[in-house]
Amino acid sequence: MLYVELLAQGLVQGSIYALVAVGLTLVYGLLRILHVAHAGLFTLGGYVGVLVTNATGSLLLALLVAMVTVGIVGMAIYRLCYQPILDKPPYVALIASIGLFIAMEEIYRLVFGPYGISFENPPLQDVVQMFGVTLRLGEVATAAGTLLLVGALAVFSGKTRFGTAWRATVTDPAMAESFGIDIIKVRYLNFFIGSAFAASAGVMVALLNNMVEPTMGSVPSYKALAIIVLRGLGDVRGTLVAALALGVIEAFGTIYLGKFLDRDAIAFAFLILVLMVRPQGLFGRA
Amino acid sequence: MTMLQLENMDCGYGAFHAVHDLSLTIEQGEIFALLGPNGAGKSSTIMSIAGHVQLMSGAIRFDGTDISSLSARERVRLGIAVAPEGRRLFPDLTIEENLTVGGYSLSREREAVNREIVFTLFPRLTERLKQPASTLSGGEQQMLAMGRAMMAEPRLLMIDEVSLGLMPKMVDVCYHAINHLKSQGVTILLVEQNTKRALEVADHVCVLESGQSVWQGTAAEAQNAPDLIEAFLGMAKEAS
Amino acid sequence: DTVKIGMNVPLTGFAAADGKSALLGAELAIEQANAEGGINGTQIELIQYDDLASPKEAVPIANRLISQDEVVVAISGSYSGSTRAAAGIFQSEGVPYVSAYAVHPDITKSGDYVFRTSFVGEVQGRAGAKLIGEMLGKKRVVVITLQNDFGQSLAAGFKEKAADYGIEIISEYEYSIKDRQFGPIVTKVKADQPDAIYASGYFFTAGPLVNQLRSAGIDVPVIGQEGYDSDKFIEIAGPTSEGVLITTSLDRDSTVAETQEFIKAFEKKAGYNADMVAASGHTAAKVVIEAMRKAGTTDRAAIRDAIAQTNLVASTGTISFNGLGEVKKDVQIQIVKDGAWHHFAVIDDKDLLAPPEE
Amino acid sequence: MLGLGAYEISVITAMGIAVIFALSLNLITGFCGQISLGHAAFYGIGAYTSALLTKAGFPIGVGLLGAVILAGLVGIVVGFASLRVRHDFLAITTMGVGFLFVGITRQMDFVGGEMGVSGIPASGFGKPGFMLFVMLCVVLTILFSLHLKRSWMGYSFDAIASDEDTAKVIGLDVSRYKLAAFAMGTALAGLAGALYAHNVRFIDPESFGFVESITVLAMVVIGGIGSVPGVIFAAALLSVLPLWIQFFDEYKLLLYGGLLFAMMRFSPGGMAGLARRIIPSKAKGARS
Amino acid sequence: MTMLLDVSAVTVRFGGVTAVNGVSFSLNKGELLGFIGPNGAGKTTMMRAITGVVTPTEGEIRLLGKNLTTLPVHQRVRLGLGFSQQLVKPFRNMTVLENVALAAGARHTASPFSALFRIKRDREKEQAAQLLAQVGIADAADADPSNLPLGYLKRLEVARALALKPSLLLLDEPLAGLNHAEAHKLADMIVALNRAGQSIILIEHNLGEVMRICSRLIVQDNGNKIGEGDPETVMNTAVVRAAYLGEGNDHVAA
């Protein structure tokens, strides 16, 4: 029973990682940018979610507003920050992204205060019993929402012509354009979807913690980087599986290995182990 | 009827001019060959027409309208497609997916029709539908590059280095495909190192050297101008 | 002409929230003192630098305060790492240095010029053991420890005295300061079925932790420490914060005029309710001001001696120091009742609370 | 001494240490093209080694030597990882190494655990003396970097940084070169870490975390990856920037982040690239 | 005559595709061997098996009697293999001259340790300049390879391979992308090299040049060796003509 509950907890945590990592995968896949500032968008999603819920009382509306506004901010970041340096080596964008992330955190601190903000009436706090496991409604919603969003995206990217166009844009944007693919649109849409996903994760974390802080993006920022590498050059589904796996490993790890390694170290020990055995990642081609 | 007209075109990279003051006219439905030694600017000319190399001055007219301000994507919608130098396939995509991208600007129905045409011309491709393009042999890649360009149903098809890396039989296959396209009314601009072969199929020829046009005329005239061939194309008499 | 007090405090980065409170607390003490005529007629000036709570930054800052700004004394409104690094420099240059709320045990070991106005972790840990084992009478306890110097020293103190109060520690878990999701730990604690939970943390970790423990149906007492001590904790944990007990230094229901005045004045200055860090910043500043007044000179050695002799009523209680420079004061126990911190009890057991002498 | 106050001395010392640290990463990332997001781990290994050795009574020379050796040895082990994974995968793997270092030191009581190590002996040269010693190390590190860049090793690194597979085709034992880069770079980071330990005299795991790894990478990239003068300048500047912009108060970190971003956005070649644009005549002859 | 290279029963499979199927051949010192075959016949794959980029599923490869089959690429190069690849890959952070000079300095770079203590590279630069002149791209010595046309890069590859002073030089389609005159010139250069004692395997589709310069041919089709011998005889066998020139069963749609 304990194991089942731990598994459930791991899956909930893994869902959050998945939502953040999927967006990062999209950006990394398309532009080979380690988009650390993605975590800043996650935080922004949390802030918008809490503020709108507090103002209107509707969590669903807040989620929608957060996804749309953050999606737009994501597109703006692409346009203003990354587009001009796309042809530069990857570490240029990496450092730019880190600088951006630091600046974003500081802006949140200056605008929303250093203590963070909480829901006035935290929604979805009820407890439900499912298959003998006790979960908060918020946790159930998180897991279900993730499956829905990521599942939809997996179908969209795997089964559609747009998905193929997206992958063509990945390796040779100029040629893709030469066959009628609107690469500008692909990139904007890419950032919109990725950022909106991060925002939804931010709202869900806000819900689970009843708190949004300026620095809450730091953990997802590097965990998500680990996940997109774990998954190798697979697809959206691969990211989901890797994220859930990491969530579960952390859940068991904190209980049974917590004395030797902290949570981050457990996650990265797992990552290194996998990469040493399979340098191309869990699902990558040799 | 004139399909493509370059007027005093200059194009290049950054401050470097790869092509100077090039003017030429390509008629609807003909095969036009662009010849010249390495570094003459043939590829640059093609990529400039496709919208990838920066135009510095002059104009590119397609069907009489200046397209120099259009993006590469808009040009393919007008019916200009390219099988570029180095093939530039999408390496992680399979043969099938590369063709899908080729027909991206068309409806699914047209895409399916074109796919059949490509498969008839290059049956070899059907054997390896799920193989990533990066693992194809050189010749297979060339077929795919041509097939991909044909998927776009171009009115003007530009092919850079048609026979590069192809065995004689494959060269025949490719030229057969080119003739087939011509019979369908497609205009073709090709770059070729195999001068003899090019002169056999082409209607008009332009010889470039160091970024400048040094000779233009019909293929027949070119074949009868041994000086020209000696001087710029280096086609020795005994070479086959 | 003014008398200068130096301060290193994190104003940006992850520790900025605490840094801000500590700075406002210290500023308040100085404003109050200046209104009363400063130090024997001379106004006091506070010179503060942002140390990002990083030891690396603290070293040049300490040197700058001493050699360029020529401060007479200094206080730390920062965390352990930077305070520990700066303490060595203040000690070697002979400048009195008072730490407001950093918990690392080695800080005062830097030497005789370094003092601390807050409890070392061990002392609070021991008080927690007494609270659970004796005052609440709970015996089967789960310990949840924050992985940093604060959590580690609290746990050490708690374990040291646990047996004395008949407490059995049935299991122990650790978490990192970045964690907000405690699902796995909560699940395991539920299976452990303890009588009480001793959990170290700060309001931003403890808020989610308590909320998640309660949501999972665990309703045994949760005992925390001064890290919880902020209205923010109640805001985050919401109604589930009711009944949580902490050991701390600020008694909001105190009848002592000094404490009540501070609480009111701070709220007026800062625009939010006082917390433990704010009170600690205020206390540390007040200690050095009083000592300067008493010493009546800017001679640093004399001021050091005066600090060592401190016997002062401050917002966090009656302050005096032992030979090592550790504070001697009572431990306040606060409880969340009706959405606010309130008095629950005081522990004044001198032996139990005796800070380390070396 | 030298007319410098204690503050200036501590600033110069900190700058010097940062320069050594940044140049050490420049060997790996700048010269050999192997990106690392966990370089602070080796800085930490050096710091802990020297701190513990000197606390145990060994002279500082032994401490520094031990730091260099141990950091270099662990560096070789991590270098083996670089033989398995490449590019961004390597970046994330090294990032993982950084987290493992912090996670493990936190839980190891004999190196102080969460409490870190305090009371680390000072150098014994006095503050000005220590500053001069650090400067000596800086000069030696710079000379070594410059020499390396001109040597056949640096030449080979250029090839490996450009295209590993082709480097093999011209007969380079890419694995050994990469290991050499890791060994040298991490050993130097160990030296920098040891100097840090004796300067700050208190170390804890957090001081060698992800943020520190990012900071040093930022120094290298902002300086202009592979450019020795650029990296020196960037390291000196960025290491003291937070102190110099104190008057920006609350906005300090915002400004810092903004600067990192703006530098990359508007001068992707870093300071070296910027300098090259301003003084174009210097463009050639950067190599050879 | 000494046997330089001995390939015995080499098979290479990629998943379901058998790119090379039990091919054996050998090469004597001083030979210029043409390796031809239709597109997709497995020529490049065979060459990769020799150079060590792919590992044969079965079979053995020996150079001067030494078994290469399990050695990494760089060791094979040190043992005397030099090759120019079908897809050109210059070092883009160096000039053309530096690309070649680095290869010419192979003795300095054998071990990282000794490489650290050597600086002078004048001699290597001189050699590189000579080689560039030899392949006819001396004018591009100081150019950035990224800005060069394919024809130049092809020759850069050859020059870089020659700089290693290999005992066996493998060339994968060096003439592709060159016009007749240039191809002719480069082919002449290959012959000159061979006359000077260089052993060479040449993969090439330019049959005219191959027939002109090679002393012996091997024909591969669909992974199998289908012909071997002097050019005239080989090209006249029916099976070769069918596979290579498309005579007989022409399956091209009319």
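The letters A, B, C, D and E name the chains in turn, as written, and every chain counts its residues from 1.
As a convention for this text, a contact is a pair of C-beta atoms (placed from the backbone, for glycine too) under 8 Å apart; a residue touches a chain by one contact, two chains touch by 3 or more.
Keep in mind that this is a model prediction, so the values were computed, not measured.
K.L.:
With a step meaning a move to a chain it touches, how many steps does the shortest path from chain A to chain C take?
P.N.:
1
K.L.:
Report which of A-B and B-E is connected by more C-beta pairs in contact.
P.N.:
Taking the two pairs in turn, the one with more contacts turns out to be B-E.
K.L.:
Quick check: how many Å separate the C-alpha centres of chain C and chain E?
P.N.:
Computed from C-alpha means, the inter-chain centre distance equals 74 Å.
K.L.:
If you average the CA atoms of chain B and of chain E, how far apart do the two points sit, in angstrom?
P.N.:
Using C-alpha averages as centres, the distance is 29 Å.
K.L.:
With chain centres defined as C-alpha means, what is the inter-centre distance between chain D and chain E in Å?
P.N.:
43
K.L.:
When the centre of a chain is set as the mean of its C-alpha atoms, what distance in Å lies between chain C and chain D?
P.N.:
35
K.L.:
Touching two or more other chains, which residues of chain A qualify?
P.N.:
Residues 106, 259, 262, 264.
K.L.:
By residue number and range, which residues of chain D touch two or more other chains?
P.N.:
106, 250, 253-254
K.L.:
Using the touch rule from the top of the page, what residues of chain E touch 2 or more other chains?
P.N.:
none
K.L.:
Every touching chain pair, please?
P.N.:
A-B, A-C, A-D, B-E, C-D, D-E
K.L.:
If we count contacts the way the header does, which residues on chain C are in touch with chain D in the complex?
P.N.:
Residues 11-13, 49-50, 52, 54-61, 63-64, 66-68, 80-81, 84-85, 88, 93, 104-106, 109, 147-149, 151-153.
K.L.:
Give the list of chain A residues in touch with chain C in this complex.
P.N.:
1-2, 5-6, 8-10, 12-13, 16, 106, 109, 114-116, 118, 122, 125, 127, 134, 136, 139, 205, 208-211, 213, 215-216, 218-219, 250-252, 254-255, 258-259, 262-264
K.L.:
Across the complex, what residues on chain E touch chain D?
P.N.:
Those residues of chain E that touch chain D are 51, 53, 72-75, 77-78, 83, 85, 89-94, 98, 102-103, 105-106, 108-113, 115-119, 121, 160, 163-164.
K.L.:
For the complex, which residues does chain A have touching chain D?
P.N.:
28, 32, 34, 81, 84-85, 88-107, 110, 222, 225-226, 229, 259-262, 264-269, 271-272, 275-276, 279, 281
K.L.:
Using the touch definition from the top, list the residues of chain D that touch chain E in their complex.
P.N.:
Within the complex, chain D contacts chain E at residues 147-148, 150-153, 155-156, 158-159, 161-163, 165-174, 176-177, 180, 287-288.
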